[in-house]
Amino acid sequence: MVEKIAKFMLENDKVAVWLNVELIEVKKSYAKIAMVVREDMLNAAGICQGGAIFSLADFAFALASNSYGKVALATSANINFANPAFKGEKLIAEAKELNRTRRTGLYQIEVRKEENNQLVALFTGQVFIKDKEILP
Amino acid sequence: MVEKIAKFMLENDKVAVWLNVELIEVKKSYAKIAMVVREDMLNAAGICQGGAIFSLADFAFALASNSYGKVALATSANINFANPAFKGEKLIAEAKELNRTRRTGLYQIEVRKEENNQLVALFTGQVFIKDKEILP
Amino acid sequence: MVEKIAKFMLENDKVAVWLNVELIEVKKSYAKIAMVVREDMLNAAGICQGGAIFSLADFAFALASNSYGKVALATSANINFANPAFKGEKLIAEAKELNRTRRTGLYQIEVRKEENNQLVALFTGQVFIKDKEILP
Amino acid sequence: MVEKIAKFMLENDKVAVWLNVELIEVKKSYAKIAMVVREDMLNAAGICQGGAIFSLADFAFALASNSYGKVALATSANINFANPAFKGEKLIAEAKELNRTRRTGLYQIEVRKEENNQLVALFTGQVFIKDKEILP
């Protein structure tokens, strides 16, 4: 069921498609995904754009928070950028659930470099959980 | 000078290119930009993906914080999502400077719908300012 | 009604009592309050402790978000510290509502020095709104 | 040295004194502290005020980020409130360093109930590191 949701989300999240996200592991309340930094993800300073890193973390967040089957909408997110990521580097985003009530959920996502485990960004996000099912 | 920096950043920020960002107004410590939500910016729930909205706000933030000519690197950002944005809607992101010291800067960006001024997201970001010049 | 709620909250919020918060103006979705930085609010660096500034902003946030009469619980808050505050300075916290739905609310609070309007901190907070009434 | 700094900070941080913070463990880049929720830390809803919880986390953050001996000033902090804390409960705040460069540091603090390890709040904070020594 969780894998079916993840597959549906990956196919229908156009930004995740653009990022070319790879699903490594998804289970209830958890997701681990990856992407490789491409030329067209760089900013004017030649490093991976913050929006691309945010989008990767945000998709791991979406997978973990929607894994129960109900639509979970992000209400807030906070991101701290620790180290820059460069073209060609593979980034791993791992989302863990820290709290979940009937209506709210709190998740933390770490984005690290696959090569040396260096922290690229720390992302914390909250969702509001609706009654609607995620699968059509 | 500010316009030259903005033009350089827009041409070299590949995510901004992908978002098809339009520069409305840039001046020292300020930026106002726009984008139209496209089909390929939607998530699995059919609304504009959080990462695309973040990326728009983040680029306005980058324009405002780099407008002095020195490289300003984002260290943290916080985003609150107020209302969903739909395909075809034009979003305006306006970045204002709230504080700037020699090494740090604080900016706030509001993302609103052009049509009715409804708030889509509120973004607050901090930068660390380097000695390096942004223009090559 | 809003003033009755504010008075009740001020009397029963023990941290606000400790801060010696002064109500300047409260109305639906809005609050403006003040406090004077005391010796016993300083940290080891001799400036006003971040927790005291947060608590002031947080109480303005609580007043504005509870002004409708329903209990509003903070789910997340983000604070950026712009300039230090010193002993004897009077700080003004002004809370504005940016968005409100049936279950959630988004507020922004600016903490400024009364003397020169300098920004001390920018606070953004979200609430989850319960059905319970705030007044007993 | 780290313990000397911690002792100095605890004695001179008046808010920490008010919270009656207990040092459990401090070492370079790490701090674990505790406090008991008192009657005078409650808000109008009868639960521990967000500002008191923030202040506890903030002090653990200060201990960890100042443990190297240089003054570290908080530039931003984000807090997510997961579960309410009640009068008489003992709260443990544990601060860990996620990243540190010459000028910046990123720390995460979890506040949990001692009794059952339930998460009360998640705090993420960034500092700007000055050249000044923390000890007089």
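We call the chains A, B, C and D, going by the order they appear; numbering starts again at 1 in every chain.
Just so we're on the same page, a contact is a pair of C-beta atoms (placed from the backbone, for glycine too) under 8 Å apart; a residue touches a chain by one contact, two chains touch by 3 or more.
Note that the coordinates shown come from a computational prediction; the quantities given were computed from them, not determined experimentally.
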Q: Tell me which chains count as touching both chain A and chain D.
A: B, C
Q: Could you check if the interface between copies chain B and chain D is built from the same residues on both sides, meaning over half shared, or from different ones?
A: same
Q: Please report how far chain B has to rotate so that its Cα atoms sit on those of chain C, a copy of the same sequence, as a value between 0 and 180° in steps of 5.
A: 180
(Q) Using mean CA coordinates as chain centres, what's the gap between chain B and chain C in Å? (A) 28
Q. CA centre of chain B versus CA centre of chain D: separation in Å?
A. 32
Q. Just curious, how far off is chain D from chain C if you go by their C-alpha centres, in Å?
A. 20
Q) Using the touch rule from the top of the page, what residues of chain D touch 2 or more other chains? A) 75-76, 78, 80, 126
Q. Taking the complex as given, what residues does chain B use to touch chain A?
A. 8-9, 11-18, 39-45, 49-52, 54-56, 58-59, 62, 66, 71, 73-81, 84, 134
Q: Enumerate the contact residues on chain B facing chain D in the complex.
A: 75-76, 78, 103-104, 126, 128
Q: Using the touch definition up top, name the residues of chain B that touch chain C in the complex.
A: 78, 80, 82-83, 98-99, 106, 108, 119, 122, 124, 126
